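Quick notes on the structure that follows.
Letters A, B and C mark the chains as written, and numbering starts fresh at 1 in each.
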Amino acid sequence: MTGKTETDLKPCPPGYCLDESRLSGQAEFIAFPENPEEAAGVIRRAAEEGFPLTIQGARTGITGGAVPRGGLVLSTERMNRPLEFFRDSQGAPVLRVQPGMSFEALGNHLSRGLPVPERGLYFPPNPTESTATLGGGFGCNAQGPNSLRWGGLGAHLQDLTWITPAGEIWTLPRGRYRFDETGCPLPGGSRLSCDSLLPAGGSRFLHPRPGLDLLDFLAGSEGLAGFAGELSLTLRGLPAAAWGVVYFFEEDSGALNFAESLGQWRGETSGGEALTTLEYYDHSSLDLVRSGASRTAALRSLPPLDSPWKAAIQVELEGEDSPLLEDMLTGHLELFRAAGGREEDTWAAGSLQELEKFRLLRHGVPELINTELDRLRRELPELRKTAGDFEIPPPLARTYRETYRRDMEEEGLRGFVFGHLGEGRLHVNLLPRNGEEIRRSRTLLDRWAALTVGDGGLIAAENGIGRLKGGLLRRYGSPERWNQIESFLRVLDPGNRLGGVEILNPPENGEGRT
Amino acid sequence: MIPYTSSGAERLILAGLQPGPEGVHPISLEIAGVARRLAGEGGFRTAGVFIAGELTPAARRQLENCGLAEVRLYLNPAFHPFVPEQQAPALLHCVGELRPEILLLGATPEGRSLAPLAAVSLETGITADCTALALNAGGLLVQTRPAFGGGLMAEILTPQARPQMATLRYGIFPHRAAGEGGSTRLVPADPGPLPPAKTQAEALTAPAAGEEAPVVLALGGGVRAREDIEFFQNLSRVLGAELMSSRSLVERGWFPQSRQIGLSGRCVAPELLITLGIAGSVQFMAGIQGARRICALNTDPAAPILRIADIPLICDLYEAAARLCP
Amino acid sequence: MRIGVCIKQVPGGSARMDGETGLLIRGSAQGVLNPYDYFALEAALQAAASLAGPEGPGEVTALTMGPPQAEGALREALALGAGKALLLCDSGFAGADAAITARTLAQGWEKLGVPELIFCGQQTTDGDTAQVPFALAARLGIPAVGWVKAIEYFRAEGFSVLQELSGGTVRVRGGYPALFAIGREAVQPRAASLPRRLEARRAPVTRWTLADLPDPAPHRYGLAASPTRVKRIYAPLGEAKTPPLRVDPGEAAALILGALPGREGQPVPPPSGGGGPG
């Protein structure tokens, strides 16, 4: 069987039945389409055979969105080519790519293969996992550390080729299809009717609002309402100047004070100089990196972390006016001193290449938590990633940080708090060591989820809901929003090929816990 | 400084040979092989120079059979452990006596330290880490090495200065057996009194005597997750292969640098090299020139490795691996 | 005690070159400090701290040869803790090979006063020859300790370091002056602090041209003086040896098994799991 047809199905190897969530599932078949037409063919084939369908990118997600539940896996692995480079009507550079292209491959392609202006082009969205695919990034509307400046991936698309669960191919240029108060027109003349004024109710998943582009509505739909078949990426020129600074503190409160005072510096200057990243690391996260650096080759290029630092704030800035950026940094340094920091307790990088080293810190913490998790799971097979991916209004960050710390202490649980403080997205990861601690961890995460929704925050802000967090919306979101999501999925996936409703609201006692 | 003019009548290639954990270091036999090949092509005489603390019976046997016309032996306890300033006078003495047109040394840490010291005294240049050597029509040594991080190859000449000096990348050039005739003359030589040592060296550990694996399985950027490495470890056991990787997986922190193949890692020369998900950067290719046969598997038909492989396969590495190691 | 570091600016991304002259075109990629030089600088700063007198650690001087943009590498060194920066910059230095680069750097050190300790990165990521430190030491007539993988101590009376040779690990002890070529395992480089990095942007960099050197004879520098010549640069891709085969996983597995030594030419047993779907 060397011949290749549109809907060539192969037995699914076990490697394609799991992802970074450490969940595993099973599937009978897998298909590797190479273009949207072949992909649509695979979907129609799944419908004919009655197979459940799971869309897969690089399986780097951490909530199990790519883990199959029987049936057929559609892998975008071979849809990994750059397609076309052009300038839009405003002269902005655009690269059209296939969804299976990784962020790493995109970066490599941009650094060599393009007719570029003098400083080179880049694609701002930057989830820290460079082997993730762009299609996967759209599926969870990836927001990396620099989303403080650049927002989610969806906002950087000019247009999108969307493959629906019914096997249709939609072309969605930005601006063509928009929501009003009562819904949104769809390609082909039909309409998605809804109340576009409902509050988010804990999740941005398929959350309409008047004026929202259909393209942005689909960003973050987690492969449950179709998937990206081709993406046109809006590129930007590399900034003339870029800085990365890590500020270390001997007191956690100093770090939070400093971050709050930096908040006042957030806005862009007229020349576009801006803070792009504002990250926080707590004591345990720093300890984890300290002990992991000796074992993990990649982390060895981090500078020494041997001082008794208890918290850190990491910022990145970029812009065109170098002296202006330096003035901003001098201002930051004053705020740092005022927050009790010592000048020598800083790491500073003044170029993109150099600040890349510090990004290892951001990437290292979740990596090392996963390593710890794997180690614990050898003793405790029922252990799953026990983490909250909450977004709270940034002014509440300090209160939440304190709540996490106090609750973990009271429950005697080991945990890590780090993440995008600037946008109120603090990741909290727990590492339970036995069955009893797993139970208590879940109770805590449930309590925090309820608290977050009560404060108008989000409970699956960045990493998606996937199979790991199904049930969360049903339990903590508003009933009206759940009904709305359910009705959207019924319209967008009438044959229920992708199983969105069951995944988002699994039967109790399943894996549908936080 | 030694006044230096090589006379056209006595054109000679001098092979710098160094001791190894057992007998001579294997690079020495590669160098002797290259020297003999070039001598045959260009009508040169050949000689070797062996600088060591002692001559073990194994080293004697290897030197007698290395195929060079003669080997000058500089033996002195002061030459072990290796200190470049101590050995340089011996090398320079030999060069002064034999006036070679061409001087080849191993691109081992020892050779790469000794060569520049000698070159400064001789006012000549060196091409480091050569991966190919040939003579051009004018009889000059064409020294080929990877350039600029391994993205390109450069051909380098030493038009005027003599000797033309090159260090040879280990593991790339074939061992050319010269038979067991023992035809090489071993000639003891003495550089005269050595300068007082400025540093003291003390050998702490010998390197593990490296057993070259007959089959090497190399993984590249096509491997998707760190967790998969365990699977490939099993696969390497099934195939009886040593598991190694390209630079990309070392950079991701999934493999230690000691397992990296390539210009900045190790050179391998197995009977069979199996590459999975390796594109084949020049920097990687620099490390596999000694492989007898290459079986390469990649999903990208344009991957450079597929051009040099004996068995180039376009296939998903995970699917193929799953069949090999169910 | 005076401490010096030799550094180099290397292309940050992939380097391009002039196919005609075989010379590196630096404008094509933003220059960065050679990654190995971070280790050399760190070793120098640690040595300065170990050898500190009552008035504190001695000053570390960074020296490089290069075009005007190479000042960037020196500012990086200043940000990390070097006290003084020196650029040897002259069109007459261009195109130098490893031997002549070492000669030019030696002239720079001689003009300044040769430090008791000189540190170099073991190699650069563009040239990759590892030759310059040894050639420089030979020019200066001081011992070179290469392939340093660990530092045991720097004391007033002498040093002790470990080096990794093909013959194994060697402990080297000695007095000063001495030159050290530092490998990537020897130390863990620090990061620049924010105030130092901001200051380094404005700090002065001394620039010397050919005329400033003890030996100002132009014919002993640059491309003209270099014993080696790049004759040709090429991309090493030829025609495929064998046309690549598009195969299914079962066939791939069978071909791999069949290629194992001792199995060549033998009939290949069907791999477990069957030859394919269906």
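Simple rule for what comes next: a residue touches a chain if its C-beta (ideal position, glycine included) is under 8 Å from a C-beta of that chain, and two chains touch if they have at least 3 such contacts.
Note that the coordinates shown come from a computational prediction; the quantities given were computed from them, not determined experimentally.
Ranked by how close its mean Cα position lies to the mean of all protein Cα atoms, the top chain is C. For this structure, the chains sharing the highest number of C-beta contacts are B-C.
Chain A and chain B have Cα centroids separated by 47 Å. With centres taken as mean Cα positions, chain C sits 38 Å from chain A. One inter-chain figure worth recording: chain B and chain C are separated by 20 Å, centre to centre, where each centre is the mean of the chain's CA atoms. Counting only residues that touch two or more partner chains, chain C has 14, 246-249, 251.
Looking at chain B, one finds that residues 316, 319, 322 touch two or more other chains. Contacts with at least two other chains are made by residues 10 of chain A. Residues 10, 13-16, 20, 32, 58-60, 77-78, 131, 296-299, 374 of chain A touch chain B in their complex. By the touch criterion given at the top, residues 18-21, 25, 81-85, 88, 108-110, 112-113, 115-117, 119-121, 123-129, 142-143, 146-161, 170, 198-207, 214-215, 239-240, 263-264, 271-272, 274, 282, 285, 293, 295, 297, 301, 304, 306-316, 319-320, 322-324, 326 of chain B touch chain C in their complex. Taken in their complex, chain C has these residues touching chain B: 11, 14-15, 17, 22, 24, 97-99, 102, 125-126, 128-132, 134-135, 137-139, 142-147, 162-175, 178, 226-253, 255-257, 259-261, 271-273.
On the side of chain A, the complex with chain C involves touching residues 1-2, 9-11, 111-112, 245-247, 300, 303-304, 326, 329-330, 332-333, 336, 343-351, 353-354, 357-358.
Interface of chain B with chain A (complex): residues 224-225, 227-228, 231, 250-257, 299, 316, 318-319, 322.
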